[in-house]
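Two complexes follow with subunit A in common, the first pairing it with subunit B and the second with subunit C.
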Partner chain A sequence: MNPPSSLNTLDEPVYQTILRDIKTVGFKLYHVILPRGKAVAALRDWDLWGPLILCLVMAIMLSTSAQDKQKALAFAIVFVVIWCGSAIVTVNAQLLGGNLSFFQCVCVLGYCVFPLTIATIVIFAVGTIKPLHILIKLPIVAGCWFWSSFASYGFLASSVPDKRRILAVYPVLLFYLVIAWLVVVQ
Partner chain B sequence: MSFVNDLGFTDTNANGSANIDINDSSPFINNSGTMNNSGNINAPPNVPNYHHPIATIFHVLFKVAAILVYLFGNFIFGLGFIMTFILSILMISFDFWTTKNVTGRLLVGLRWWNQVMEDGTNVWYFETAPKTFRPHQMESLIFWMGLYINPLVWLVFFLSSLLSLNFNWLIITVIALALAFANIYGYYKCNSKDKNASHTNIARNYIGSTIVKKAASSFM
Partner chain C sequence: MSGGRQDESNPFYSDLSFTNSPPQQNNNNSNQAQAIFTNTNINYNDFTNSQPNPGVSYQPNLQFQEFSHTAVDINQNVPLVGGSGDNKIGGGNSKVPESDFYSGDNSGNSSNNNQNNAEGVDTKKYSFYQIPYYRGLFNVDTKEVGFRLIRSMLPIKFSFFNLIKENPDLYGPFWVLTTLVFVIAVSANLNEYFSSDHSKWQVDMQKIVYSAIAIYGYSFIVPLILWGVFKWMKLGLRLLDMLCIYGYTLFIYIPASILCVVPLQLVQWIIVGIAALVSGAFLVTNIFTPLKEDFTKRGIIICAVIGALHLGLALLLKLYFFANNTENFDFSIGINPASSSSVHSSQK
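Up next, the complex of A and B:
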C-alpha cells in the first residue's frame, strides 16, 4: 500500500498503479518461495494486499471442504486465526526488542503463509477427484509448514537480538503450526 | 532543470525522464484550458463543475457498495455468509485504498503514507498540497462527509452485531471500522498540519522522503 508517488491523472495512472501493486505482490511471493539475501529489502515496502488475498484463498478452500453447517464458522476461524495470530506474534517480536515495524512484520508473516496456501490448493484440487488419506496429507503439509517457517525465519531472525531469537521464532512456528493443522483437518 | 512533482513542489534534483509526464499531468496544476477557471473557490456549489468527477464518484461508490453488500448480500441477494464476507472485505479494502491513495490527494490535496527506514523504524508522512491547490468546495464537502459518515454507519452495524453476539458478522464491522479510522486519523493529521506547519517544512519533508525512496528502490 505504498503511496503512488507518480500517480497523477486519474484514469491511466490508476491502472498503472494497480499494475505496479500487483507486480510488487508477485515479487514478494517469489521471494517467499525462494528466500534469499535480497528478501529483507523486498519486504521492507510493506503492503497487506498479498496477505489478504492468501488469507481469503485459504479460507475459501477450507470452508468449501467443511460440512454445510460449519462453512461460515470455518471461514471466520481461518480469517481470525491468520490476522490475530500474526498480530500477536508481531507484538511478541516487538516486545523482545525486534526492530521490525508492526505492519512490516504482519506483512512478512502474511506473505509467508503462501507455502501453506499452496498446500491447501493442492490438497483441495486432488481432493475433488479422490479424497486424500491423512497419511498423504501430513507430509505435504509438514513440508509446507517447514517452508513457511523457514521463509519467515529468514526475514524475522535478523531483526531480533541474538539472545532472544528463539523466543521470537518459537511463536512463529506455533502460528504456522496452527494454520497447518487447520489445513490437515480440512 | 526543475520539474514540478505531483504534489506541486519543485523538484530540482530529479532526473528528467522520470518526471516529464508528472509535470504534464499534475493534479494540482491546472494545465488544460478547461480546468483553469474551475479552480475558483467561490464557484457556487450548485454548478457541478467538478475537477475530478470520477474520483468523487468512486469515493462514495465503494463506501456505499460495502454497506449495501453487508446489509443485503446475505438476506436479499442470497449470497450466503462467505460470499457476502468476501465481497464486503473487498469493497472495504478497495475503498480504503482509493480514499488513502487517490481521492484525498485529488479532492482535498492531502496525503498520508508511511515509509519503513533501513533500521526498521516507521516514518509517517502527512502532506498537504501547496497554497496554489484549491479544492473544489463541493468535492471537499463530499470527501469529508464520506470520510466521517462511513465509520458512523459501521459503528451502528458493529454495535448491532455485538449486542446480538453475532461473531461472524462482527469481524467485517471491526475491519471496516479499523480501516475507516486509519483514514480519519491520517487525514486529520494532514489537516491539522496544514494549519500549523509552514509549507517549506512539508516541502523539505517531501523532498527528503523522495530521496530516501529512490535510495530504497535501488536496493530492489
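Up next, the complex of A and C:
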C-alpha cells in the first residue's frame, strides 16, 4: 500500500480516512470530559458524527432495558429528545440574541451528552449482572448531569448577553435533566 | 394593521394613558414579526410599565416632527431617543443590539442598554425563514420573565394583558409548558412507583407522550379557538396574547406537580385544587374584566367555558397522571374495582 501523500486525501486508504475522523471525534470527546476552556476551540469545527454515535449508543441501551411493549417508543423518545432538544435549545439561544452558529451549538450540545452516555453504559453493564438500586443510580446520574451541563455551560453562556444568561442556560439544564431522567429510570 | 380606529373598541388594554397617547404616528413602521399575527389593531405607542419614559416625554417631539420642517437635525435625533421606548413590540428591534455581543461581557454596557438599542437596532429585513425574524417573540430579559411568572401566580385584580401588551413573549410560555410536560411525566411515574411493587416497577414512557399531547394541545388549541372567537367579536386581541397568557397560567402547575409526588390522595387533591383555583381565577378574571361592560352575557359564557376547560385539565392531571394506589385501596375497602374511574375520584 502506498504511503498517502500529505496533501491528497483522495488517494489514501479508506481506513485512514475513517481513522482520522475517529481521532477527531475522540479528541472532542476528550475535551468534553475535561472541560478546561479549550473545549470551545476544539469544538469550533463541528461534526455531527460524535453526537450521532453517542445518541445511538444511548438510545439502543435504553431501548433494550425498557418494557417489552415500549422498546421502540423508548428509542424514539431518546432520539427525538436529543436531536430536537438540542436544536430547540440552540434556536432558543439564537432568538434570545446570542450569536452562535446553529450546527456548532448542536454539535457542542450533542458531544456534551457524553458523560450521560457513560452513565448509561455503566448502569447497563452493571445492571446485566445485578440490577442497581435507584439510590445508587441517582448520584451517578446526577454527577453526570452536572458534568454535562458544566461542559456546555461556558459555550452557551458566553454567547448570550448578560441580562439573559439564565434564560439561555435554563433550557440546557432542562435538556440534560430530561436525558438524565431517561437514564435513571432505565 | 388597520390604524387606531378600532382601538377604542378594544377593551383588553384599558389604560389611563391610553387617552393622552399621541396619535397613530408610528403605525406604519409596524414590526414584521407582528405581521404574522394579523389581529394587531392596538396602539403600540402607549404603554405604561417597565419603561422609563412613557408617552408623555416623547409626545411633544413627535408632534414637533410633524409640524416643523426647519429643525431637521432635531428631528433626526428625536425618533432615536424616543425610539428607546418605541421598540417594545420587538420585530426587527431586538432589545440588545448586535454590537453588544461582539463587545463581550461588558456588564457596564447593559445598564444603558435601553439607550443603546435605539441606534443599535438592525433595520435589516429578515425573511420569515430566518431565525432573527422571530427575535421579537423572545425579546425578554431574565427579570421580566421572572416578574411575569410571579405575576401569573397572583390572581389579584391586575391586568396581565396590560403587562404583556407591549412585549408579549413566547419564551416563558414555551419553556413553562416544556418543563411542565417533563415534570408531569416524572411525577406520574413516581406516583406509579410508590403505589406499585418496587422491584417489578418499570418506567412508563407513554406518560411522556400523553402529557406532551395534553399540555401542548390544551395550551395551543384553546387559545387558538378563543382568539378566533374574539376576532369574530371584533375585539382587538392578538393570538400572541392568548398564547402568552395560557402559557404563563400553567406555571403554577409545575410546583404543584412536583408536590404531587407525595403519595397521599388527600394532599394531592388539595394541591391540584389550589393550583386549578389560582390559575383558573387568574385566567378568568383577566379575560372577563375587559368583557364586563360591553359583552356581559357572552363574556360570562366564554369565561364559564374557559373555567370548565381549565378544571377539566386539572381533573385530567389528577385522575390520569396522579392516579395512584387506588387499586390497592379499592380491594381493601371492598368496593368493586370494575366501577372504574368514578370510584377513584370519589376516593377520599
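We adopt the following convention: the second predicted complex is superposed on the first by the 171 of 186 C-alpha atoms of A that agree within 3 Å, B and C clash if a C-alpha of one lies under 4 Å from a C-alpha of the other, contacts with A are read in each partner's own complex, and residues count from 1 in each chain.
The definition used in the following text is that a contact is a pair of C-beta atoms (placed from the backbone, for glycine too) under 8 Å apart; a residue touches a chain by one contact, two chains touch by 3 or more.
All figures in this text were calculated on a predicted structure; none of them were measured in a lab.
Visitor: Decide which partner touches more residues of subunit A, taking subunit B and subunit C as the two options.
Guide: B
Visitor: With both complexes overlaid on chain A, does A:159 touch subunit B (first), subunit C (second), both or neither?
Guide: both
Visitor: Going by the contact rule set out at the top, does A:96 touch subunit B (first), subunit C (second), both, or neither?
Guide: So A:96 only meets subunit C here.
Visitor: Thinking of the overlay built on chain A, is A:80 touched by subunit B (first), by subunit C (second), by both, or by neither?
Guide: Once the two structures are laid over each other on A, A:80 reaches subunit B alone.
Visitor: After superposition on the shared chain, which partner residues are touched by A:60: those of subunit B (first), subunit C (second), both, or neither?
Guide: first
Visitor: Do subunit B and subunit C land on any of the same subunit A residues, and which?
Guide: Shared contact residues on subunit A: 73, 98-99, 102, 159.
Visitor: Contact residues on subunit A for subunit B in the complex?
Guide: 1-11, 13-14, 17, 27, 38, 41-42, 44-46, 49, 52, 56, 59-60, 63, 71-73, 75-76, 79-80, 98-104, 159
Visitor: In the complex of these two chains, what residues of subunit B are touching subunit A?
Guide: For subunit B paired with subunit A, touching residues are 5-6, 18, 21-22, 25-27, 52, 54-55, 80-82, 85-86, 89, 93, 97, 100-102, 105-106, 111, 113-114, 116, 118-122, 167-168, 171, 210, 213, 216, 219-220.
Visitor: Show me the residue ranges of subunit A that touch subunit C in the complex, using the header's touch definition.
Guide: 66-67, 70, 73-74, 77, 91-92, 94-99, 102, 158-159, 161-167, 170-171, 174, 177-178, 181, 185-186
Visitor: Considering only the defined contacts, which subunit C positions touch subunit A in the complex?
Guide: Contacts found on subunit C: 94-96, 98, 100-102, 105, 107, 110, 113, 131-132, 134-135, 137-138, 140-143, 145, 171, 174-175, 178-179, 182, 186, 189, 202-206, 208-209.
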